[in-house]
Amino acid sequence: MKRLMYLLREAMRGLRINRANTIIGIITTAFTIASFGVFLLLYHNVRTITGSLQDQIQVIIYLDDAITNQDKSALELALKKETHIESHTFLSKEEALQDFHQQFPEEAYLLEGIGDNPLPASFIVTIAPAPQASSHVSTLATQVKTLSGVEHVRYSQDWVERVTLFSSYLEIGALSVGIILSLASVTIISNTVRLAFLARREEIEILRLIGATGTFIAIPYLIEGAVLGALGGGLSLGLLRGGFEIVRDNIRDLSWVGGVQASINFFPIQMSVMLVMAGLILGCAGSALSVYGWMKIRT
Amino acid sequence: MIQLFHVTKHYEGCIALSDLTLRVEKGECVLITGPSGAGKTTLLKLIFGAEFPDDGQILVQNRNIARLRSTDIPFLRRTMGFVLQDFKLLPHKTVYENVELPLIIRGLSSFDAKRKVSESLRAVGMDHKRATNTSVLSAGEQQRVCIARAVVNSPIILLADEPTGNLDPELTYEITELFKAINARGTTVMLATHNRQVVEQINGRMIKLDCGRLLTDQGTIS
Amino acid sequence: MKRLMYLLREAMRGLRINRANTIIGIITTAFTIASFGVFLLLYHNVRTITGSLQDQIQVIIYLDDAITNQDKSALELALKKETHIESHTFLSKEEALQDFHQQFPEEAYLLEGIGDNPLPASFIVTIAPAPQASSHVSTLATQVKTLSGVEHVRYSQDWVERVTLFSSYLEIGALSVGIILSLASVTIISNTVRLAFLARREEIEILRLIGATGTFIAIPYLIEGAVLGALGGGLSLGLLRGGFEIVRDNIRDLSWVGGVQASINFFPIQMSVMLVMAGLILGCAGSALSVYGWMKIRT
Amino acid sequence: MIQLFHVTKHYEGCIALSDLTLRVEKGECVLITGPSGAGKTTLLKLIFGAEFPDDGQILVQNRNIARLRSTDIPFLRRTMGFVLQDFKLLPHKTVYENVELPLIIRGLSSFDAKRKVSESLRAVGMDHKRATNTSVLSAGEQQRVCIARAVVNSPIILLADEPTGNLDPELTYEITELFKAINARGTTVMLATHNRQVVEQINGRMIKLDCGRLLTDQGTIS
């Protein structure tokens, strides 16, 4: 009991006395975790965005104005049989014209002079999200093209590939940055604790002389490291949240990426907790590293 | 109790102890004298496990210090008391907390601890300063707190390095009497000193070192 | 001479002995300056990009197919007189069709069925870049609309305003972030030096006892701070450069923002030097803060 | 040379010096004795400007220490030598560098410095360890380096606090002779000590403190 009390009191005293050190530790930890967090946040959001984009891979099949009802049913049947297709909707010539007016009100004059509706009817086909989605798209396109009554098939091959590529780039990027920054965190915290250590080198020597075991000496430092790391993690969460809100507000104000804004989200609560836990564990690990490293040198 | 066989300790460019053989029985009181830099502190540090010999064997309570695992050293130290020449008190703690620390490390109950700490502070005449920070004490006061810390847990072996260097003759007399009393209770005492008064007052076995060599070893248990 | 040598040697010894401290100091400084640098870099590039975008504010005046040559010359004369206009070019119906085919090859089928070319001739007017450019645009548009032979005037009012707004947002953002991070830099370096200080507290006390003046004691620490800050600044420059290259490569790979990539640039050399100098000065200031702050407390 | 008028120094919960009036002439050698915690160190620190009195005036070389601007204190200190009870040597420097430091601070030329450092190291018998790091020295050796550093620049006033606490009788004799020689050259010496041998050997004016009060002040310049 008395021993436990002593160890806890020592840890708190350490944090209080080396206030400068403590603050530096927390700030550096926060900055490191935050830099990692920025990547995580970016990754998190790009994942959800590309996810929702991949949900929307579409193939548009424009129909000949002169298509027979029979050909149309045959085409619809073929689409229904295709397993990679999630859904398909029919867009008549009139609906297409309405759509055009809605989407491009400024360009509507283009079609004004022309008496006839020049827009074709179409099937809009949504591909089921899958790892190989882009290849399914291209095979489907070539198949459908040969059917009678189909005037034109449109899909954006590169765009699909680009999204997939970007997503995988980001995955690799986030992973490598994550590893590097974790190492940096451990190093920084370990250095911070080592400094606390150097400042109290004599104290430790004295404790050893009195007969304290390594564990007894180390525990306050481990607690210190954990508290430091956790506070750093918490602060980084605050920084990230603040930065995130600013970015989101700006994006909303400018409504540049109109379609995207709805899906920019902060971490879910579990991930936030994990970030703080990560700080705690990194802090503890950093402490352990320098405490035990240091004790090994000394008798 | 304590046995050294052909112990040698070199430091960079100087020999602190050379080929020292020594045997101290349980309950003995041994004085170590010799000029400045003779190796007195080195000898005590070797017995305490704070330094390791380059050569030779050291047995303390039948354990070979040189072969002891580093995790066992703390437990050996808990049976010894040490008064260091440069005090080594924790500077941010009070007199009371400093003397209490060896007991906390041993996990003693709070009630027992309180009594023991007060007792040993009274023995060195520092009870009135129990709440003072050790860093602001005068040199003599620090030395006495050090002695209180060394004896608080009734050690089996008491090692003291120049424990009266900063004390006036009256206090030196009292502290020497304290060491004699502790020795009389069965504790093995080894005491490095320059002080003639202490030597005369204890009047026991005296070892004389010079340049790391054992010069003379006079007298046995009185 | 001997004194100078001593002071320099002490500074170097400080950096060498407190290696952990030194490294932490450099890293934290680097991170802080780099975070500021990211904003500066962003600001620098957005400035140049919006600058070049503002160069390209255009008003398109669509002409009636039945416009008389007289009306056309009158219009052209009016445009020539307008001071805010940088240049204007005429685009005939045929050129408009060609342009459309080139820009939207996929949508070209829209115009295929129609015998007549439905696209109107137009004047493309480039507005001179100016702070009030967007208001000039709207006044010009309303003026021109009333002229005979003009069918339609198109310009993107919001878009222009948006760019201006974003640019000013970024300016405020960069400034405030810059100030905050400069303070953070000074604090961190000051804390780092204070730690170095605490570790050598006794040495300083001893020097004072021997009769050293405050200046004599402070100089090695000031040098240390300056070296730390300069190295931190240099490292941050490296970090920024590395990060910048990665971002640029990715942008190029994905060619998402095709038009923009050419204008993304790193700092010019003077700005890089200034960044390192900023580190040096911040380091020195941080040192001075903690050295003199500490000495005031003590006799 | 040194004058104290009704000087009082309190610390939290204890009076270190109370209403002390004292006058030391140029070239005098004054011994300060008294039990542990009597205020000897405090008295010397006040004269050195390392502490400030709560009350009273202190004149050193006709300057009022209590009123001195803090930027002037270093220059006053350069005329004094100080042997501290806890040594205060720079731990990462060699013996030679430590003794040289007061000369570097004064901006002495390298050639002069070399001679002076060697001279004073020889005087305390530490010339053979000039390249050793001070942190690894034995206590007596550290004390001697401290003395060498205090006398290296032939100070006008030499303050020594228990300078022989860690020295054997032979060295104590030699160091005491060194102090006497320095005093004979005109330096004012104030020496706090518990050591009877030193008191007898110097045989000069002796001030006795107890609990911050001046108890006796015997003898004048011999």
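So that you can tell them apart, the chains are marked A, B, C and D in the order they are listed, and the count of residues begins at 1 in each.
Note that in this section contacts are C-beta pairs under 8 Å (C-beta built on N, C-alpha and C of every residue); 3 or more make two chains touch, one makes a residue touch a chain.
Since the model is a prediction, treat every value here as computed from it, not as a measurement.
**Q** Moving only to chains each one touches, count the minimum steps from chain A until you reach chain D.
**A** Step count on the best path from chain A to chain D: 2.
**Q** Tell me which chain's centre, taken as the mean of its C-alpha atoms, is farthest from chain B.
**A** C
**Q** I'd like the Å distance between the centres of chain A and chain B, where a centre is the mean of that chain's Cα atoms.
**A** That pair's centroid distance is 63 Å.
**Q** CA centre of chain B versus CA centre of chain C: separation in Å?
**A** It comes to 68 Å between the two C-alpha centres.
**Q** How many angstrom lie between the centres of chain B and chain D, each centre taken as the mean Cα position?
**A** So the centroids are 29 Å from each other.
**Q** Which chain B residues qualify as touching chain D in the complex?
**A** It is residues 11, 13-14, 33-37, 41, 85-86, 132, 136-141, 144, 162, 165-172, 194, 196 of chain B that touch chain D.
**Q** What residues of chain C sit close enough to touch chain D in their complex?
**A** So the residues of chain C touching chain D come out as 1-3, 6, 13, 17, 202-203, 205-214, 216, 299.
**Q** Chain C touches which residues of chain D in the complex?
**A** Touch residues, chain D against chain C: 48-52, 70-71, 73-78, 80, 82, 84, 88-92, 101-102, 104-110, 113, 149.
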